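Consider the two complexes below, in which chain A is the common component and chain B and chain C are the respective partners.
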Partner chain A sequence: MRFLFKTDYEDDIRLMPHSGYLVTYGVLLALLAIAPFVLSSYIVSQLVFVCIYATVGVGLMILTGFTGQASLGHAAFLAIGAYTAAFLQQYNVPFPVYFLAAGLLTGVVGALVGFPALRLQGIYLVIATISFAFIVEEILARWESVTHGNEGMRVKTMQLFGMAISRDSPSFYFLCLGFLILTIVGTLNLLRSPTGRAFVAIRDSETAARSMGINVSLYKVKSFAISAAITGFAGCLFAHKLSFISPEMFTLLLSIEFIIVILIGGSFSLHGAVLGAIFLVMIDPLLTYLKDDLPGMIAGVASTFGAGKESASQIQDKAAAIASANGLKGAIYGLIIVLFVLFEPLGLYGRWLKIKLFFQLFPLYKRATFKRQKIYVKSERNR
Partner chain B sequence: MTYFRAEDLSLHFGGLKAVDAVSFAVEKGEILSIIGPNGAGKSSIFNLISRIYPPTSGKIYFEDQDITQQPAYEIAGLGIARTFQNIELFENATMLSNLLVGRHRHSTTQLWQELLFLPSVRAHEKAHRRRVEQVIEFLDLEVYRDKLISGLPYGVRKVIELARALCSEPKLILLDEPSSGLNVEETGDMSFWIRDLKTDLGITVLMVEHDMSLVNRVSDRVIALNYGKVIAMGSPSEVQRHPDVVAAYLGA
Partner chain C sequence: MLDFVQQLVSGIALGCVYGLIALGFVLVYKATEVVNFAQGDLMMLGGFFAFTFIGMLGLNYWLGFAGAVICMALFGMLAERVVVRPILGYPQFSIIMATIGLGYFLRSIAGMIWGTDDLKIETPFSQGVLRIGSLVLAHDKLSVIAATIILCGLLYLFFNRTTLGTAMRASSENMLAAYYMGIPVKRVVSIVWAISAAVATAAGVLLAPITFIHSNVGLVLGLKAFPAAVLGGFGSIPGAVVGGVLIGVIESMAGFYLPQGWKDVAPYLVLLVVLLLKPEGLFGVHTRKKV
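So, the complex of A and B:
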């Protein structure tokens, strides 16, 4: 086990407490840098989606994980970013300009959503953000002069400094990765300064935060704005990756996917947002596999155990029907959320911490280390 | 002019008069205790001062400034810090970040500077950290620096709450039952610290307390409340002998 000896206040501030971090993240960065040149284009494409989802995850983590304000409306923020980019692109606005515009406009919208949300808490806030998402979805479908309604909008290939960056090129991957890293570093900076601490204070006790001089309303709005702006930036990249956007891409299901990203990854940590994004992007290939291969496999198993040829093919048809049923994705998402909340409330990152501690303390690890203790001292009166 | 003054302060919940026309003054540098049976309105007075509840009527003055209409978050900025009866710490954060939140009223950095963590932000953070360390040393909290609050025992949390209030460098501190839930030894420590607040740091203390031995040890003056009304005011021994106070506690 490593013991840190702090000799300077700097030791409490720096992002990497010891040289081990430098090695780990250096290796990770090197692997990510060579990834597009050694991996298949399909996997690189999936990595781009991981980067975009992780960026949104970090944004949502600021709002939900650190400020304690739940949101099921982030698909709408993503949509606003994506449509702003697509709209401005029509008028030959250069990429850096409409990228910034997408983020800033979404940030302003986020702040506007933050104001009515000030008086709402918990489930009521969730309902308010869902309604906001529906309103945005409806506007996108109806405001045909700007959004082309349900026909959707084409997004042209990105032009950056005279170069065309196609959505499958390594450059696009590096752009998304770079923005993700920038977002993470910015967020870490925020978390080690007064604003980030104010967010956490609001999450844990609004009354105490207020009596420590934190303007709770202002910081909630700030949190909404920052979270929305990050999502808006991600939306611009998302639009480029898909090259075509339409209102039905930004539904409630997408917002739920973002919630899965932070819930499965583990709330309260940025590692969680990235792990959750990896997990979520992996679900789709899994579903495809379910549809294509599983029915045949089940039929094979059935015939091995003595089912006749006809009944085996019946079983295969039934399995295929289940695997391609409408709404299967939603059901699987629901199941995943329930299982994680019940059995791994700290998420994938929490599991990683447990594994790490197991090896650090081997053979003295105690399972009770992560048992949550319930202490009934908190007063609900002053809420 | 008095340092801190409450004039005809009232707080009514419908027909219930939690605080009823209470007036008192706190002199600069004194320790004033408020005592009274359960439900006498002691904590309500604190919640009125820190603007968690708006008063039904009456005025509050601090350093000759009317603070009755100030928003709650500006009270700390004026130099009034408080602790809570039931501990309102930020549970899922380390003690250090809890104490650094106490420094919030002194933070001047802008959002964009923080996103980039400019050298100015770093310098500010170090300055805050230094002040926090002084408070940690004052209250002997060194061992808990990087511990999460949710894993700490009640007695320690109580001290950390005091520490967080001190980190904001208050002129007036409101202590809501500083000794509740503490054992005899911890209560003893607390009474020394409260004296030190006055003598070493020059902070004026207004506290609500049930433990009469602690009240006797530290207070300069005592106010006794019952049913939202002031029934006695004076030195600790005077108030304890006051017939109305005896009646309030023991029944007439």
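So, the complex of A and C:
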């Protein structure tokens, strides 16, 4: 086990605590850089979605994970970013301008949502953000002169410095990846600044933060604005990736997907946003694969355990029927959320930390290290 | 004027359903501080159970109704035992996520079992109408209103006159103190979940003739019951029903008098305004924070 010897504050907030980080992330970056030339175009396309979801995840993490303000309305922020981009693009505004406009406008809307949200906590905030998302969805469907209503909007191919960047090209992948890295580094920097520490203080105890002289309202609004702005930028990329947007894409279910991203990844670290995004996006190809191959495998297992040929093929048909049933994906999503909340509350990144610690401390690992405290006495109602 | 009364009655009927769902939220919230996002889906599942008993097995309406309520009460206890009890005491957000996951799961499973078509239950109230002068009121809507009044009365008696009801009120005030006083808090919480699932089922079955049963009905109505619960102050049982009726009337009036699109947004606009101006709701108790 490596012991880091920290002698001053600069050591404590360093982005790269030791040289190992440089090696691991360098290798990761190199792998990501050669990915579009090695992997199939379908996987690369999924990787673009991973980048976009991870960007939104980082944005949501700032708000929910680090400031402690739950939001189930991030699909609305994504929609505002996407629609701003699509709207400005009609007037031949260059990409960098409408990209910035998408982020800034969404950030302003986020701040506007943040003001009323100041008075709300916990469940009320969740409900308020859901309502906000519904209202935005309805506006998108009704404001036909701008959004074309339920017909949706086409998004043209991106033009950057005179080059056309199609949504399936490696350049688009690099653009999304680059923006994700920029967001992550920016967020890491933000989190080690006074602003970031104020966020964390508000999450841990609002009263304590206030009594330490932190302007809670200001920082909550800031957190909302930053989180929304990042989501707005991602929305612009999302619109380009899909090349067509309509209001029914930005429903509550999308907001829930974003929450799943940080819940499954682990909502206490930015690693979680990326891991969660990988999990959420890659579960689709995995399910398709299972749908095609699992019934055959089940039948094979059944026949090795002595099932006759006819009953084996019956089993295969039944399994195939279940696998192709409508809504299986939803059931699996639901099950995954429940199982993660029950058994892996720290998410995938928490599991990785546990595994790492297990080997570092090999015979001495205690399961209680990561145990959360249950609180029965302190009532949320009295907060 | 006639239109107005007509709209008012259908708004109240719809609002009673919201109120019943909101009642389920409030019961569970008061007892365990858990906000059950799957409440609407419990209602949907109750409707499907009733459909199975009445439509598929051909039972008598009342027998099927009772069967669905009993099945769902047991299911509510099961859900509490499996999903909620292990995470009680953890931050509220993880519990919210768990119930969202549960709702997602139930919705998809119901879609897989009963299909995605709209289902209809034959009820004694499906056809008839009540005529007062030139006013025409459908029986199905009146039945919802009547059933809501009866259910509220029963719940009121239960909470104020029975030992179990008192135990429930005690454990909702302070779980730990109730436990020290010898109240079996875990069992009480189980029963609260059973009651809330049973109330949801009643709402689902009563609603069946008005909007048909399909797997997404829970999501749509469940989310509209939130404004109702918040409007009434989240911890108040009469508040939930009053809030539900108000939301129902507002929605129905907005649908009739305002341009298209307002109907769906109106409950949420009301909700945001209430949250901004009076976050504790109409019947809520203002609490101070202890550090």
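Please note the rule applied: the second predicted complex is superposed on the first by the 324 of 383 C-alpha atoms of A that agree within 3 Å, B and C clash if a C-alpha of one lies under 4 Å from a C-alpha of the other, contacts with A are read in each partner's own complex, and residues count from 1 in each chain.
Here, a residue touches a chain if its C-beta (ideal position, glycine included) is under 8 Å from a C-beta of that chain, and two chains touch if they have at least 3 such contacts.
Bear in mind the structure is a predicted one, so any value in this text is a computation, not a measurement.
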Next item on the list: Determine, under the contact definition given at the top, whether A:193 touches first (chain B), second (chain C), both, or neither.
Entry: first
Notebook entry, point to check: Does chain B (first) or chain C (second) touch A:210, or do both, or does neither?
Noted result: first
Next item on the list: Give one of first, second, both or neither to describe whether A:367 is in contact with chain B, with chain C, with both, or with none.
Entry: neither
Note to self: Quick check for you: in the superposed arrangement, does A:2 touch first (chain B), second (chain C), both or neither?
What the structure shows: neither
Next item on the list: Please tell me which partner, chain B or chain C, touches more residues of chain A.
Entry: C
Checklist line | Touching both chain B and chain C, residues of chain A | finding: 205, 207-208, 375, 377, 379, 382
Next item on the list: Quick one: which bits of chain A touch chain B in the complex? Just the residue numbers, please.
Entry: 9-10, 12-13, 186, 189-190, 192-198, 200-201, 203-205, 207-216, 222, 226, 268, 373, 375, 377-379, 382
Item checked: Complex contact set, residues of chain C against chain A -> 33, 35, 83, 86-90, 92-98, 100-109, 111-112, 116, 174-176, 215, 219, 223, 226-227, 230, 234-235, 260-261, 264-265, 268-269, 271-272, 275-276, 279, 287-291
Check: Given the complex with chain A, which residues does chain B contribute to the contact?
Finding: 47, 50, 52, 71-77, 81-82, 84-93, 96-97, 100-105, 107, 109, 111, 114-117, 121-122, 125-126, 129-130, 133, 150-151, 154, 164, 168
Check: Considering the complex alone, what residue numbers of chain A touch chain C?
Finding: 64, 70, 116, 119-120, 122-124, 126-128, 130-132, 134-135, 138, 141-142, 205, 207-208, 252, 256, 259, 263, 325-331, 333-338, 341-342, 345, 372, 374-377, 379-383
